[in-house]
Structure formats: C-alpha cells, structure tokens
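Next up: some structures, all given as structure tokens.
One chain, chain A, links the two complexes that follow: it is found with chain B in the first and with chain C in the second.
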Partner chain A sequence: MSSSALAVSDRLRATSRARHAKDRALMVLAWAALVVAVVPLVAIAWFLVEQGVRSISLEFFTSDPPGDLSASGGGIRNAVVGTLLMTGLATLIAVPAGIALAVFAREIGGRVAGSVRFVVDVLAGLPSIVVGIFVYSLVVVTTGHFSGLAGAVALAVIELPVIVVASDELLRLTDRRIDEGTRALGMLRWRSFLSVFIPTALSGIITGVLLAVSRAIGETAPLIFTALGNNFFTLDMNEPVQAMPLLIYRNALNSAFPAARDRAMGTALVLVVIVLAFNLMGRWIARRARPADQR
Partner chain B sequence: MTTTPIRLQPPPVEPAPVVSVSAASHNAKMLEPAELSVELSGVNAFYGSRRVVRDISLPVRSNAITAIIGPSGCGKSTLLRCINRMHELTPGAHVEGRIEYHGIDLYAPDIDPVAVRRTIGMVFQQPNPFPTMSIHDNVAAPARFNGLIAGKAAEHDLVERCLRQAALWDEVKDKLKAGGTSLSGGQQQRLCIARALALEPDVLLMDEPCSALDPIATLQVENLMVELKRDYTIIIVTHNMQQASRVSDQTAFLTMGDDRAGYLVEMADTVEIFTNPRQQLTEDYVSGRFG
Partner chain C sequence: MTTTSRPQGIHALRRPRGLGQDGVFRLTLRVVAVLIVIPVLWMMVDTFAETVPVWERFGIPGFVTGLRWAPSFTIYGALPFIYGTLLTSAIAMVIAVPVAVLIALLITEILPPRARTWVAVAVDLLAAIPSVVYGLWGLLVLVPVLRPFEQAVAGTAGKVVPFLAGPTPGPSYFAAGVVVSIMIIPIIAALSREVFAATPRLQREAVRALGGTRWDVIRTVVIPLGRSGVLAAIILGLARAIGETIAVTMVIGNAPKIGASIFSPGFTLASVIANEFNEANQELHPEALIALGLVLLVISVLVNGLAILIRQRFARGVGRVV
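What follows is the complex of A and B.
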C-alpha cells in the first residue's frame, strides 16, 4: 500500500469516528426531546382517562346535570349539545367570512390587503377574555340578554383569524401559471377562486378550519359573559346556553364535592375526545380533498 | 359611465365583407383585406416606465402560422400578451399603439378584455392544467363557465372533439376521470391546447409551447399546429429555429435595441426569412451567428 493511500485511509477513519460520535449525540438529544414532549402528553391523557372514565355512562350523555352541583348523578347533555350548536354556528359564520377576507386581501393587494392582514393578526393575538367583553358589549348589551347566539359570535371571532391566516397562506401558494391560465381562458375572478384556487387549497383550508374549531370548542373565557351557561337543556340560541368548558369550570371550582369533581373530569375527557375526533376527521377529509394523483 | 362590452365574434369562414359585431354595431367597420386576422401597428409595451417593446407593427395572416423569433428578453412573450390583453394584468404594465382584430380596435373602451381572451386563446410555456380537475373537466369546465355549453351530453361531445383535435383522445379516452396533472408533460400540454380550443377561439397564441417537451411530443404538437391552422390563426413564439422553419408560414424576427427594448427587425414569409433575409441581423440570427 502506498503511503498516500495510508494517509487517506487514516483520514477516513478519523472523520468517520468524529462523525459517528456527533451522530450518536444528536440521536440521544432527539430521543430526550421526544421524551420531554411525550411524557406530559401521556401523563395528561392518562390522568384524564383515569379520573374521567368512571363518570362515563349512557346517562352521562342523555341527561342534564342536577340542580345542585354537589348531588351525584345526571349528565352533561345540555353542555355537549350547547357546545356543538355554538361552535357549529360560529363556524358557519367564520368560514365564509374568513375565506372571503383572505380572497379579498389577495385580490386587492397593496395597502388595503396589508391592513386587513394587520387587523387579523391583532385579532389573533387578542386575549380571548377581551373577545368576550367585546361581544358582550356588542351583542349582549344590544339585545339585552345573554344568549347562545352571543356565544357563537364570540367563538366566531376566535375562529376568524385562524381561518383567514390559513386561507391566505394557501391562496398565496396558488401557482402563478394556474392563475394566468384562468385569465387566459376568460374566466371571471370569482369563478377562478370558486372553481380553481379554493379547491386547490381546499385540503389546507379544511385543516385550518378544523384547527379553528378545535381551538373554539375548548374556549371558556369568551363564553362566560356571552352564553353565560344554563343548567337546563335548550336548543334556543336566544337563551343562555350551556357549554362543556363552562360546565367544567363551574364544577371544578366546587371540586370539594366528589360529584362535582367527577363531573368535571368526565366532561374534560369527553371534550378531549371530541376535539380529537374533529382533528382526525379533518385529516381524513384533507386527504380525500387532495388531487387524485397525490393521495 | 359603463359601456356594454361587446362579444367578439369569430369571423365567418368564407370571404367576409364586414365583421359582425353583435349589438354594438356602431362599432362595425369595413374589413381589412380578408386574410388579415390580427394587425399590430406601432405597439409599445411597458413595465412601469420601462419600455420593453418598441414600435412594433405586425400584420398577422388568417389561417396561417406566424412565428415570432428573437433572443431571450427581447419582448416576445410581452408582445404576445399584449394581443390577448394579458399584459395589462401585470401591475404597472401598459400598452400603447394599436392592435386590431379584423378591424376592431382591441383596446377600444367598449371592448371587454375578458371577451378578447375568449376569442384569442393562449397556450403557455409550462403546461398548466387545473390540478383539482379531471381531464374531462379541464376541457369542459372553462367552456361551461363561459356559458358555451350546457348539459352532460354536450359536454361529452365537446370534450371528445377537442381532445381529438389536440391529438390526445386515444391516449386518455379510458381515463377521462383521472386528474389533469396525472398526465405526462407532453400530454398535459396537449390537454391545455384542448382546453383552449374548447372555448372556440379564433386565434391561438402559443408561447414556446414545446420548450418543456421531448422531441416526440414536440413533433406531435407541431403536427397538431399544422392541422389546426385550417380553422385557427396561430401565433407561436419559439426559440427553435427548425420549429419556426418547419411549421410557420410567416416569421417575425425581433431583437433588442440599445435601449434594451425589443423592436421588429424583419417580417416576411418564413422561406424568405430563412433563405433570403433582407437584414444582416436576421441572417446572423437564423444561421446561428450572433453575439
């Protein structure tokens, strides 16, 4: 073997040893980070299941809570239905408004779009209790009473920036060549958005919407002085409406009573499962909305 | 005041004395010599204050293929985009001069740019089928949106006719429901041609339509163009000299002046340009002696 070949092999060996050490250190770090992230997650999940599962029964979903928090029995039907109704209504308001705002910002461009984006950013950063106060003075004071509608408006304000940001990003990614294609084909702008750009961005927009929904579903602060809460079952959005976070809040405050504490834990578990279900559903829809060849 | 936009009518097939301009017939004029389709006179194009096309006049013959050749950056794409009023969509861009389509000033205030784009179709350098639409819908949807067809049966006929015209039918007839972007590049380009044809345009602008294609697909598209010129007027931008000499009937050679704006050096029948150009610049360019 020539001396230069020896030097080369030496160098190879040295490098590879150093690299392996670095490699191993990085792997250890990555695993450590994973553990740090996963342990609390598993702990919370375990805690919720362990504490909550004993409250879960058919009755838990089919009956309303007893008038007295400290009494055992009853369920959370009014809160589940109230949460779904208010979040659904909020989404019905926020999705078209959010997408329209994003389309508007993209289409107008320039300073107007800049200020739309700024306002949306500010909205996204507002503490949710402030959103609650705002909607309180806007809706509750005007109509003269607390209502599910006011709660839905508050949740819509929470959802709106998430939807605008997601839609804006995705519409921005729409290929310029596709854009030119629609123009060269004499397609009107609203038609291009409706039939080409939004469908192209759809899976991402749906993901954004579900993100917004799962954020809104767990919000408590904006509901405290809008929806207020209601011990009874109602479908009337003109009345105060119960929501799961409100129910958790009131029962957990009274967790000196075992019944209230269990009710709070059980509701928390149900809430997490619902959020998870929305999340999984969103992923599934997002996958189906993708063009056939990218699935 | 808003004026009612007119819908540009493709001209009648046989010698036509006047262009039929639907309702707003006050705008109708005597036709230029029947065989001119598009006529540019003294066209200047700007991006902001920068002039990129200077004083170009081009008579474009009907039912013929006109090739535009010239070095990169001399404004060929820009010129093409002036013809179907796409240029003005770039913020700050504007056009000066006159562009007529069968004697109608395409930049007259009562002309609807959207109608111009429907009459003067465009195929781009990069195939750009709509990603979420099937092959079928890529062809049918724009025609449907423009109110040209209604009903499933009509759509089906249109899709088949246009795909046949674009020489793509046999390759895709069994998978019309597949995504438009699942095709090969050459197939996608022919799909985009079919899509443009579905609007029944009269003029087809093609900006380097083969530059993303392999030689076989290129040949297919070239044969297609020759087929299409029976029914359409075609203007093609190309960097491929053989392509220009193979398919086109007349050729315009553009180059950049000292102000870096493109101007027309020479326009003539393709045979003339390639065998007997009048300008030294043209001869240098087409024979590959430049720079």
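What follows is the complex of A and C.
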C-alpha cells in the first residue's frame, strides 16, 4: 500500500519535473524570440545614426540634389518639401472623408453601411503598390502626366482605411448612456455627432490620423506610379514631385556611388525620425486618453 | 382642456416638415459616402480596363501560367513572379510565425506588467519603420551578413538538394524572405498579443491554482482559446508579406525567371512592377505590369478574405488591422 503510494508520488514528481523543464524551455525560447526581433531594430537604429549623421548639415536641408546621382554635395530640400506637401494634402482629403465614412457607417447602418465597411476592409488589405496602380489608372492616365496631386491622392487612399477603422471603432465604443442622453434631450443627430460623439472620440481619432500619417510618409511604392519624383524644387502639385522615400530608393539602387549611398542614408535617418515622431505622438495621445487603470 | 386635444407641439417636433436638419445630415452623409466609394470602385474597374489588351492576347490562363517574361519580344508570363511571391512569403512565414507567437506569449504570459508595455512598444516600432529603410538596411547590411551563412548551407546541404544550392550572389529569394520576416513579425506579434490578452483571467488562475506552470497555462488555456485568432493574425501577416514591395525590390536581385535555388536572384509580383514600371516602353509592357498588379490584387484579396472569414466565425475579439 505504502509502496504504491510512493510509486504514484514518484510518477507525479517525474511529470512535475518534465512540466517545469518545459516551462523553462519556453522561457528560453520566448526570450530568444524577443532577441531575434529586437536585434534588427537596434541594428537599423545603429546603422542609420552611425552612417546617416555624417550627411546631415544645414546644406542638406536647404539645397536640392545634384542632377547626377553619383555627384556629391547638394541636399534633399525638394524631397522634404514634396513629402510634406503630398502627405499634407493627402491628410486634408483623408481625414474628413474618413470621419464622414465612419459617421455614415454608424448613423445610417444597415446593408449600405456594411458594404462601405467591406470596401474599407478591402482597401486596408490592399498592397500599397496596388493602390499606386489604381491611382495611376484613375489620375495619371486621365490627366496624361505624373503629378504631385496623383501622389497625394494615392497617399490619401492609403490613409483612408486607417482613419475610418479608428473612428468607426471609437464611435462604436461611445457610451450607450451618452447616446441615450442626447436623444432624451431631443438633440438633433448632427448636433449629437458634432458636439458630443466626435469630441468624446477625438483623442482616439487624432491617434488614428497620426498613425495614418506616419504610414503614408514612409510609402514609396505608390509614389512610383503617381508622383514619379523630380530632381528639381517645385511647389506645383501639377508636376512630378520628389519625396523622401523615392529619393532613398533611387539613390540606394545606385549605392555603388559613395555620394548616392550617403545621400540615401542621410535621408533615411531624417525620414525615420519624422515617421517615429508621428507614431510615438499618436501612441502617447492614445495612452493619455485611456483611463489610468488601463494604461 | 379636454381629452380630445392633441399635443400639437410634440407632434410637430417628431415630424418636421420637409427633410429637417437631420434629414439634410443623413442625406449629406449618403452623398459623401457615395462620392468616396464610387471613385474607389471606379479606379478598380478602370485598372482592369487598362489590361484588357493583355488578356485578349494571352488569355487569363496563358498569362498566369506563362513561364517567359521577355518585353522586347512582347512575351509576358506571370509564373516566375507568382513563384517568387509565394517562395519569399513562405520563407518569411517560416521565420516570422514562431518568433512572433513566442514574443506575444512572452508579453502576455511571462513578463511583469510594467515591462510589457515597453517590450510591446519596441516590437511595434519595428512596424513603423518604412519599407524603403528596411530595403536600404537589407541591401547594405543584411545581405553581406547573410552571405557566409548562405555559402555554408550551399556548400553542405546544397550539394545534395538543388533547392539549397549555390551560387550565392547575395541578393536572392532568401534575402528577401528574411527582410520580409523582420517586417511582419511585429504585425503577427501585435495581433496575437491581443488574442492572448483576451484569455479569461479566471481560467489562467484555475490552472495555476492546480499547481500548473506557465507552460501548462499556455498549453491548456491560452493556445486552445486563441488558436483561431492566431491563425487570423498569421494570415494577415501573410497578406502583408505577399504585398511587400520596395524592401523586396532592393534585395531580391531582380531576375525575371524562376531561380532553381532559394539563393538565386528572382522577382516577386510586386517587385517586378516597381522595378520595371518607369522604364516600361515596349509594346504592352506597362499593361502587362498592371496585369501583374491585378494578379497580386486577386491573391491578396483572397488571403485577406480568408483572414476576415476566420475572424468573423471564430474570433470576434481580434481588432481590425490598423
């Protein structure tokens, strides 16, 4: 009797040991996985800072690149301005459109709203290069030339689903009691949205917008088909416009030339700083808006 | 003051004459939605119309299964690029899925709450870095770093398996797969993390109370409850891998044929479009590239649709991709 009890306890101890061994193995694997993911992050940061800082100077922001990629000197003024112009215009288009679509999906409801959500989901899942091709067919083929305007439209299409999804989710989360309160007060619906629902969701919507902008600023593929790029400084959105990602791409393809290589890395550093600024700002606002216990 | 008098005021409030302000509001919303959705649908139709000459000339099966891509002879076949897309995505998934799922488990099950946020933010930052920067880093840093490894594999296993054979020029399907894996790890990790975090706390605590280890909690509660959600996360990661363009273009070596080995240079659907579009001046060349874009569109819509389906049926908790 006591011997069989001993056998049982032995077996229990053995399985317990096995389970704890597996537990430890999992720890090791999980930490190893984190290292695998974080090494590239650190490596990229190190690469950009170490190699990119050399190129940065006042001239880098105040002059345009030389016509010949292999020539040294010059800056990236046209690309910085082009990126800001196109992303700015894209955001001006996408923000009202995105919020309107989200309000529409919530207020009108039914099958039409379902199909709007479906179109938005499809857009969100599209590879950005396909968005570029779409806008090429719609704008570039129609107008007959590449332009900053086409680039802005492509970036707007990329921003749109991000903004709709963020706003939609937030409007859906609006407290039901608040909704009922506005109805009990006899508020008109447009008033409820303008004065109550959207302000309630505002910090979340701003987060969505900032994340959308941080995505759009770094996009290269759609601009190949729309903005095309340009070696000169221009404010005319009806002409081809340069952008930082395009400049990095074209110079990287010629990275056999030290000048092109340095220019690509300097621009990449500037681009990453801008993108991360928008991204972190968005996260910060989202975090601040959440109640303290959920942070 | 009789019972027959009707409450005129309220009646008037409930049924305003004409559209009323809210009627205008609703109408405006409808008009705006139509004004946005119609162009989006229109540009899809428009894009298809652009490619009609390609379909007329080669037929859909002929184009999709064509092995040769020779713009100067007006011969266009998509198969080398479909192969490249599938191969690089497969390599990326093999690396990214275990790493991402383990990171998600680490964040939700293992780390103390304080450290969770920081690790989560660090991993999310990987998703914020633009594709072109990954490409630049991949081209200048990762490709040279991977080369000794590629040579070692080609020199040993590659002697037996042609699929792993040399030469190893550097830019290749393999290099592209590795770069893409780094780019999709944060996506799969973030979505899986949400799924795991939604596991009911009582069930975890029940297993711990019975003397279970963290591994037991994961094995008996977290994984079984989160399986379909993680599957959806993986498929969304796959969709990203399939559509990844610029970073791949910069490290895949740009060869319009099916490479025998994973160390051969090749092309994916997205990267051949990006690489050749601005110089496409041969007959039907731009149209054929746009047709490749439609093939890519169909593949990514199918994959995304699968993820949406899984999420709707099994895992209501997973957020939409932002």
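Just so it is clear, the second predicted complex is superposed on the first by the 242 of 295 C-alpha atoms of A that agree within 3 Å, B and C clash if a C-alpha of one lies under 4 Å from a C-alpha of the other, contacts with A are read in each partner's own complex, and residues count from 1 in each chain.
The rule is simple: contacts are C-beta pairs under 8 Å (C-beta built on N, C-alpha and C of every residue); 3 or more make two chains touch, one makes a residue touch a chain.
In this text the structure is predicted, and so the values were computed from the model without any measurement.
In the superposed pair of complexes, A:Gly186 makes contact with chain B and with chain C alike.
Applying the stated contact rule after C-alpha superposition, one finds that A:Ile178 touches chain B and leaves chain C untouched. Once the two complexes are overlaid on the shared chain, A:Glu169 sits against chain C while remaining clear of chain B. Counted by residues of chain A touched, the larger count belongs to C, out of chain B and chain C. Of the two partner chains, chain C is the only one touched by A:Val38; chain B is not. Of the two partner chains placed around the shared chain by superposition, chain B is the only one that A:Pro199 touches, whereas chain C remains out of contact. Look at A:Thr234: by the touch rule set out above, it reaches neither chain B nor chain C. Overlaid on A, the two complexes show chain B and chain C touching the same residues of chain A, namely 186, 188.
Taken in their complex, chain B has these residues touching chain A: 84, 86, 89, 91, 114-115, 117-118, 121-122, 124, 126, 128, 130-134, 141-142, 145-146, 178-179, 181-182, 192, 195-196, 199. By the touch criterion stated above, chain C contacts chain A in their complex at residues 13, 21-22, 24-26, 29-30, 32-33, 36-37, 39-44, 46-47, 49-50, 98-100, 102-103, 105-106, 110, 117, 119, 121-126, 128-137, 139-141, 182, 185-186, 189, 211-216, 218, 236, 239, 242-246, 250, 270, 273-274, 277-278, 290, 293, 296-297, 300-301, 304, 308, 319-322.
Chain contact summary for the complex, chain A toward chain B: residues 109, 175, 177-178, 180-188, 191, 195-196, 199-200, 202, 291-293. Listing the residues of chain A that touch chain C in their complex gives 16, 19-20, 22-23, 25-27, 29-34, 36-38, 40-41, 43-44, 47-48, 97, 100-101, 103-104, 107-108, 112, 115-116, 119, 121-130, 133-138, 141, 157, 160, 162, 165-166, 169, 186, 188-190, 208, 211, 214, 217-221, 224-225, 228, 245, 248-249, 252-253, 255, 261, 264-265, 268, 271-272, 275-276, 279, 283, 295.
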